[in-house]
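Structure provided below as structure tokens; questions to follow.
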């Protein structure tokens, strides 16, 4: 069997994306490149910018200066102006819609952002050796989202050329790495009529040729940026006139760990980043921390989040400080529907390059595709999170991560067959 | 010069008190014995029980059972029933008033309670050797309050026999060791018309023959009994269903130390007693602690107390517990008036047995005579806290503490002369 | 089908035990009563005292005075002197051995201790209404160990009368409630040749007629009594001269919660009891706490225990205190062997009074039968923890707990049949 | 009376320094400018670089890149190359020696560094209005060290022209603001033979015309940069595999406050700056904090420092982290000698422009002149810290701080007269 889409074209596309990784909410060039490709494929309904996102639900958006830097860099790299201006303020990402009849509405969700990691220059790191290493210092596609964007375009092309008679929507979602793009995408309105949603991830320690039809059990997560504001004073001369934000933070860090473990299952809490004060001899006026809580279920995560807020509030009060909790990213836990998983398993099993099906797997981290899946499921649809194996020389989020490009075609094929099968099963 | 009062009688009286030490708010026998002696001296205006105290301001009062025990013991030891019944509920102490004319109103404050210390049985400990060791197990006059009560009675006797033409009030104050009797005595109304108040303490590391006309600088203090109430749960099975009072307490203990030092002077905080929980495998429902704060001035103590309350409240909230702060003893800091100190210095200097005047000294602890002194001072009167040296073989609050009984007469003489001098200076 | 043993006799026996509950390591009368009964049944090999336990592995043994109290009470209640003297020092419990041939060696473990709970006097509480309420103030069989001891004796009687041709050992284990008797029993030597061990518990929220052939998943647990020793000083006068044991304890309590959750499964930590200091104005010289850690597996418990020790050591050092960790009770987690569970399920299913089998259940707490089970399993044998349903009006460890005595006969029957089936399956 | 030195020249010099403020250990241009001026005055013995400092005792030295930046900026601004190259690596500052006979050896200490403050551009801020505002962005002479350097040079000029027959040493000390230059200057060897040392500070809330002959009571201080190193892990997937440096830091921050207050006097502790971790979902591998301790005496500071080190070590151990304490600046407390203060009071009183003597004053912060003073005093010499009033529109360390240049001449005069008087008093 031939692949649906020319493997070489997929590889070229993926390398294009790989060269220009852009972090969360800064996928300006990437979005423009996707739109260009969509137009080349003849897609006529393309939503970008605020049309693709519930923009007011975005969190963890960088400041103006940072957005400007990436915006201008995208412009310099040749991003199309008419698309680019739609993305201003970090409204990145796109939704492509292919209406072909009154069959089912199927959605595919792929994420498109890179990571703040400096890519390796080692000669045995293929992107370095073959000239498509990241051109953006300190930024890298180290989690395969370049492959995801490519697969999204590939499936569109394949389905466009098929006799599919429903509607296919491909969501090119920004800011997954900050688990911040999922909710705005879920609430964009584009999922309101979706009957089945498939999210895809390459790798996850599965080699090329393996497919995981339905992944379960990621942890629900919520992240918060917390600022304590006290008042400064000279630590030697007027220690009592200050309200010490560093002490408030320290009390919070220690007591956040004291939130009781839960009998219903897994809970987590972490204060990953702390920062406070301006000088050794000044009582600290301001302290900042980034906190995340997780749970084996969304309820468990909410339990942790609620207690964490109480701890933070009390720590502030204890040291006479004000506090502010700014929501950052978050996601519920993932649950894939058996019916969709079975359908994917069937089509994957038929693919000549798929030599192994892993019935299910657990994500140990969190994933904001969960927002889109829950949106569809809550409206009566079905959803699955599908793993497409790829040989990756080192772990995700490392500077020598790479994907086996032969897996791109497998991903496109299996997902296309799944879309077509959904069409048939519906009829 | 002869002593005003027969030294042997003073010694006998002191030994009587020494044999029957009674702790704070339990001075039943002691009060009755004082009243008997007052009547023997012909004093006609004697206030006891609720007439001697602002009873509603008492704190740290023992529970019924404990009061009952000491009450019955006093009865068995022959306390006069008519006096005893006035003291029910722990309204101990007495105020004696000697009205002799329209001269100034002078007050003398002596404290009368013992300590929860088991007295030594050593043969070189005079009370043991000479048969007046404490008959009350675990209780002892280890701070000289037996001497103070004696001196109070001695001064009354001496002044009664003099040509003093003002009013002398002697306040026999209970519960100094819990710094709990000072405020109820100060607010009893008996000090409202006092022109000059003298408080007296023997020893304080000064030998017999030394007098300190004015002591300064005790720390203001406030004590609190704090209870945290959470909810219990099985620590293995439902850790999340409990609200952990032990954690609330631990957070409070740690953060009370975090109250900033103050640029205006000395501050102190201590959590002396902690107790919580019922079983190792149960999330603690209740935890209790005793806290004290001090300050070089009353303002500094108030600063600490106010911050301590905030810390306690926040620690409770942090762990979803209720809390209750029950006020215990407290006292402002001591300030002796120069005019009164000078007067005392003059009369002391004239006494043949006084060989050394120490201009001033600092109390390192706290002392609730400060309440009475402040009351008088705030109403325009003057006050001094006078040290009367006595050879004491070991430190205050030790099981072998004792006083040199020759100092009793010196104390009576100097204070009597001071009262008389106040009479004259006023005329 | 008739019961193996006369139900009335079982009920009488259970009521005898119920009347005289004795807490951990104080089961003097209970052990003597068991020995009397064993002799009545004609059992000739009976081990008591140090012969029944690896006595040096005992922890959480009460002090001399407490042991003496219960010892004398047992004597007064008529405990046989010759047995009693073997139990001195709290070496309670017994092992009965019935050798009947060269068939398999089967062991049954029952626990015999009561709880520090005051039994209800309500008229609808059967023990109160029918005259067998606890005669020991503040102590009660509130977890059914009276039924366990009875079942142990019943099975012995039934097997003795059967054609069983192996060896049956019944371990009457003390101090389960402190999870302290399991290890000394496991290491007594009596289990060294055991091919199959059955532990039994009544109730656990299963009604009469239900049997749970194999319970899984109790948490491994370890308990510690921790003492911090600093040095005292006057909190106002010389705060710096003390080393504050209360602060060390508070730091430990807070940071014990900070031991990281584990990716392999359930962890728990609790500081259930705290106590420290002598007076509000003295820097605390000594503080005491009781800590327990648990884990979904024994490894997870060890992870927690090891980190807890480090936290305790560092908290002591931080505040310049000494510390001592005295091991208290502990237990590994429970794993029942399928083969034995299946065998029990089969015989239970055949019993006319068993109307429901619950395939498996999880203990939410901990259970020191796990020590005995692991000992047998580590030596190549098999083990199961069997639940025998009983209607209990209120939860375990409540003052109105009671058992349905008809379940005693069911327990005896099912366990006897299991012993006999093991005999057959081995042949 | 005429001023010793032309006031206009002093003002010009001060403005030159004001234009080019350089922070601690970066006083490259300033040092070169001072050397140029010394040569202009005909001073022949000038020590710079490692000859002026015990270079190995320097702390808080910036990194190479930062030093390079300021070095090159000084070069661009015309600093003399031959001087500049002596200062490489941040060995800034100078010692000028004027040997004029066998009279006493007198030293004057002035500090020369600026502050990391952006100078105001307000039109009523004289330096802005008159064109000598800082040319170095973010750096400013906001504490009058420009005036100090000027006064140092002025006194040299005046004494050179007098009949002084001893030795005058002027120490132009770098890095006072980081309290880091004092110790290297004190241990340079240049103070070994000094009989009397005068340190000077302008302002301190005293107006032009006031002189404070001897300042007392700065707090002794020590500063530390602390790094905790743990190990990172994914906070959701493997929380137990990390060693959390942020938790170690939080425990340290909280418990540093728990170091007991001291009965001997003032103590302080502050954690002014904290920073840790790299991402919200990663267990923090590294955390950093800047700590300072102070004491009313050097012993009290040492007490705090010693306990702080123990707390930091224990906090690291508690969370399985490594730690490193890098000493930063520090200083003993200041004690001015009466004899020298009296001498200065006498000469100041004679000055026509001095209208007020303030007998003594307390510095509320810390000051590393204390190192030089202690060095001289420990070797048998005398020392004083002299305040020279100057009208300053706003407080020290504010962006609109300025000095009244007429105070420059007063300072030069009074200090010169003091040097001459020391000469006489010695003869």
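Every chain is named by a letter (A, B, C and D) in the order it is written, and numbering of its residues begins at 1.
Note that in this section a residue touches a chain if its C-beta (ideal position, glycine included) is under 8 Å from a C-beta of that chain, and two chains touch if they have at least 3 such contacts.
Note that the coordinates shown come from a computational prediction; the quantities given were computed from them, not determined experimentally.
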item: Contact-richer chain pair [A-B vs A-C]; value: A-B
item: Greatest separation from chain A - chain, by CA centre; value: B
item: CA centroid of chain A to CA centroid of chain C, Å; value: 51
item: Centre-of-Cα separation between chain B and chain A, whole angstrom; value: 69
item: Residue list for chain D, restricted to those that touch at least two other chains; value: 237-239, 247, 251, 254-255, 257-258, 261, 263, 268, 283, 364
item: Complex interface listing, chain D residues touching chain A; value: 219, 221, 223, 234-239, 246-247, 249-251, 253-254, 257, 268, 270-284, 287, 290-292, 294, 328, 364-366
item: Touching residues on chain A, where the partner in the complex is chain B; value: 237-242, 244, 247, 251, 255, 258, 260-264, 283, 303, 307, 310-311, 313-315, 317-320
item: Interface residues, chain D side, partner chain B - complex; value: 254-255, 257-258, 261, 263, 266-268, 364
